[in-house]
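You will see two complexes here that share chain A, one where it goes with chain B and one where it goes with chain C.
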Partner chain A sequence: MMKQLFPAQHVMGFLFSLLLSLIALVVVWFDLSFTAGITILIVTALVQAGLQLFLFMHVKENAESKTLYLNILYALFVGLVTIFGTLFAMHWGYMVR
Partner chain B sequence: MKIDHTVPMEYSTEENKMKILGFWIFLGAEIALFSTLFAVYFTLQSNTKVGPSATDLFHLSPVMIETILLLTSSFTIGLGIHAMRLGLKKPMMTFFGITLLLGAGFLGVEVYEFVTYISEGATIQTSGFLSALFTLLGTHGLHVTFGLLWGGAIVAQVAKRGFTPETSNKAFIFSLYWHFLDVVWIFIFSFVYLKGLMG
Partner chain C sequence: MKWDEFFVTGEPMIYAAMVSIVVVSLAIPIALTYFKKWNWLWTNWLTTVDHKKIGVMYILAALLMLFRGGVDALLMRAQTAVPDNGLLDGQHYNEIFTTHGVIMILFMAMPFIIGLMNVVIPLQIGARDVAFPRLNAVSFWLFFAGAMLFNISFVIGGSPDAGWSAYFPLASIEFSPTVGNNYYAIALQIAGIGTLLTGINFLVTILKMRAPGMTLMKMPMFTWSVLITNVIIVFAFPVLTVALALMTLDRQFGTQFFAMQSGGMDMLWANLFWVWGHPEVYIVVLPAFGIYSEIIATFARKNLYGYKSMVVSMVAISLLSFVVWAHHFYTMGHGVMVNSVFSITTMAIAVPTGVKIFNWLFTLRKGKISFTTPMLYSLAFIPIFTIGGVTGVMLAMASADYQYHNTMFLVAHFHYVLIPGTVFAVIAGFHFWFPKVFGFRLNEKLGKLAFWFIIVSFNVTFFPLFILGLNGMTRRMYTYSASTGYGALNMLSMVGAVGLAIGFIILVYNIYWSVRYSPRDTNGDPWDGRSLEWSTHSPVPEYNFAVIPQVNRLDAYWFAKKEGKPLADTVYEPIHMPNNSGLPVIMGALFFFWGFFMVFSWWIPAILSFAVIIALMAYRSFEKDHGHYISVEEIERTENAYRGEQHEN
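Take a look at the complex of A and B:
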């Protein structure tokens, strides 16, 4: 019964997600350069998001999974353009002073 | 209504499939919403001439507690959907119940955080950094609050009606919402808190 309710894949995925959060703490515990720190954060956050998407949100098993991938990619494109476009305009010297 | 028994019950009718697809499209819009809030935060995070900076304000332990609570709740709702697919009503309701309790725990810690910030004189009106911070965290917290009400209503429906194409569809869609909030939190945890504590 316990084995039926706690599939190994879910348990492993959960433990892995906790591990990823611990790995991300490295950036606080050690004195890393900004580039090294932000790289670690980007990698651990993206792996975490992928874990949720494929393991828990069952995106693969959906009959329309191609549509879903396209929708997610489009949303990510909009999101990244929003974030980096804003930083480009407000911080990285696009504005003429 | 044609019921397809070869797929899990939440996908079993044409309407159910459309609702799941529609919810994914809604989550796409949510990605756009949170992106705007992250963009504002990244733009204003160094506007701290008045009031504390991220490094002064943030403490690791409450943030770790929030992260563990939300990651665990994402796991338990996954187990809830797994139990639902096995047709096990009681375990499903138990896992959903645990999920909502963990969500309430998360909110409790977040409220405690907000009260601490405000008692240190860091309010939403203090600086650009804090306005952006409270807006981003508050929008996520509001989503979790709404999720508690929504999830509670679904548990009540499953208790009353059992697993039907309708209730299983609602439960599955709610699980998508909950996992999505966990993903948003991972980004807040990484790019607001840990990045802030990096100094």
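Take a look at the complex of A and C:
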């Protein structure tokens, strides 16, 4: 009974998100190279975002999770295209510097 | 700021505009008081949350803006009609082409499309209103506040003059020191928030409020096109919001996002503008495709050919629309790789668009076509839009674009896309759905007369621009010398523009004539329509459908008519409807004042009006408003009245 009532998944998720924040703090605490620091930040940020979205924002439990996934996918597509497309058009592939 | 700079001075045309603005703004309240219509205006229109009335207000505002933008266009054509013309000076010409572009796209095409959406979508999916009726009213009043703010720039402070795309560094405070571009940033911001809210509202409405049995693949094509359009709105408009905020910060708060000093980049504005701007083109064109699909299927008396491929191609267009933006500035410093990639994605858009063109043609094939006014616009759209599309593919080739870029060829191209692709569509939709809203059709004879004026004059106006562009006339030049040889074709274009103006005047006269003399419809289905909006009475009662219809297939109403089975039984239940509210229009007014103070950097009043806006929003959060019920007796009374009218006729 207790086991069913206790939100084990969410507590674990909460601890895990704290852990992820601690790992991200490493970048400030220790003198890391830029590449190492930014890699750690990007990886922990992505895992953190996924954790929040799927565990705490109830995407999975929603009756229409298919629509939500589609929406998230579309948002990712537009977001990534805008960011990397802008970098591509205005920085990497730009003639005039 | 000096007070003598506050009002624009020194131009006879602007003094005339001031006089007319004062006369109109005095005439309206005087007329309202004289005819004792204040209460009627407030309860029936200003505070309404009814999607049909909001739609009508959108369309009225759009028609008003069509004439404002049209006068700008006529002035431009008049100025360039003969070489070395002195009708307008360079500054005035800059202001006019800027406001023409902004008004026609954002304050004419957008509200006209959104107005038709408002009127038609809930009816077409068998709903009683949109998902968030109050929010819908907020959307309208924000759009209206933005539009009015943009329009007063003409007489107070000076209009923006850096083009509708407002490229940096020209639009920066350094090169455009007047308040004109502040108006641009703030007015578009306010209207843009309204549009974003509309996007969310209609997305939820279409996904959540369809009549029982109407699965996604049984939706009418206009509903599909609007669904996809609103997805694009929700994902594209935040980019505009951010870009405009950065513009305001740069111009009024000393930041340097779009300046070359301190690590900023002027071209980043063009980039962000078109990341929004290209999807925006599809936001105004896709609903038009939906309108044409409805009209062509109705007047060819056939179901739409290739329904699935229509849907798939619209989804493809919506994705592709986000990956083509850099083709708007091929010549501004990209490497070969960037231009090649964006060339290919741009040309790829022609494929799904071509699929749609062929679907319309196959729908027409062996159809029993009746040549009504809306159908004529739809038929004219196909070849004219194809010319626009083909010249678009020419422009899409990056290397060739170095020749066409910023010439009149480009101007001709986008008018050939946007006028048949949007303007003809909204006029066709206006004629098509007019009887649904008002209960009588527009006169066909006058409608067709206006059609022929518009269609012929359109080509006379814009086809010469292709040739002028290839001959080297650049866009936005306010005059030229006789030795360039541009004179004759520009004069021809001017003649066409006058013809267009006559066409639009006939269109408006048609509304007046039809209100007075057109015979009233009796059954709510004057065109023998296919989708649910024709199954209810005209003009549509407040609650849209006395009983929500049951849908089992595409064009369910059409088949119900053929089989003689009604879509719904007649057991009435009390209907829950939202209450009217004065808050949206007050919010709109506050946003207008906030915007005005922001434009002139009057911070204290700006902060105060913003605080009131926040307070109103907080008030709304705590407001208890459960709407009201329409009783069964009242429904019966209304329904019987509609039937009674029919028997009398």
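We adopt the following convention: the second predicted complex is superposed on the first by the 83 of 97 C-alpha atoms of A that agree within 3 Å, B and C clash if a C-alpha of one lies under 4 Å from a C-alpha of the other, contacts with A are read in each partner's own complex, and residues count from 1 in each chain.
The rule is short, and it goes like this: contacts are C-beta pairs under 8 Å (C-beta built on N, C-alpha and C of every residue); 3 or more make two chains touch, one makes a residue touch a chain.
Source: prediction; values computed, not measured.
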First (chain B), second (chain C), both or neither touched by A:90: both
First (chain B), second (chain C), both or neither touched by A:80: first
Touched partner set for A:45, first chain B, second chain C, both or neither: first
A:72 touches, of chain B and chain C: first, second, both or neither? first
Partner chain(s) touched by A:12 [first = chain B, second = chain C, both, neither]: neither
Broader residue contact with chain A after superposition on the shared chain, chain B or chain C: B
First (chain B), second (chain C), both or neither touched by A:25: first
Touching partner for A:63 - first (chain B), second (chain C), both, neither: first
Contacts of A:36 with chain B and chain C, given as first, second, both or neither: neither
Common interface positions of chain A, toward chain B and toward chain C: 67, 74-75, 78, 82, 85-86, 90
Chain A to chain C touching residues, read off their complex: 67, 74-75, 77-78, 81-82, 85-86, 88-90, 93-96
Touching residues (chain side chain C, partner chain A) in the complex: 207, 231, 235-236, 239, 265, 267-268, 271-272, 275, 319, 322-323, 325-326, 333-335, 337-338, 341-342
For the chain A and chain B complex, residues of the former touching the latter: 4-7, 10, 13-14, 17-18, 21, 24-25, 27-28, 32, 34, 37-38, 41-42, 44-45, 48-49, 52-53, 55-58, 62-64, 67-68, 71-72, 74-76, 78-80, 82-83, 85-87, 90-91
Residue numbers on chain B that touch chain A, as the complex places them: 7, 11, 17, 20-21, 24-25, 27-29, 31-32, 34-36, 38-40, 42-43, 60, 64, 67-68, 71-72, 74-75, 77-79, 81-83, 86, 88, 91, 175-176, 179-180, 182-183, 186-187, 189-191, 194-195, 197-198
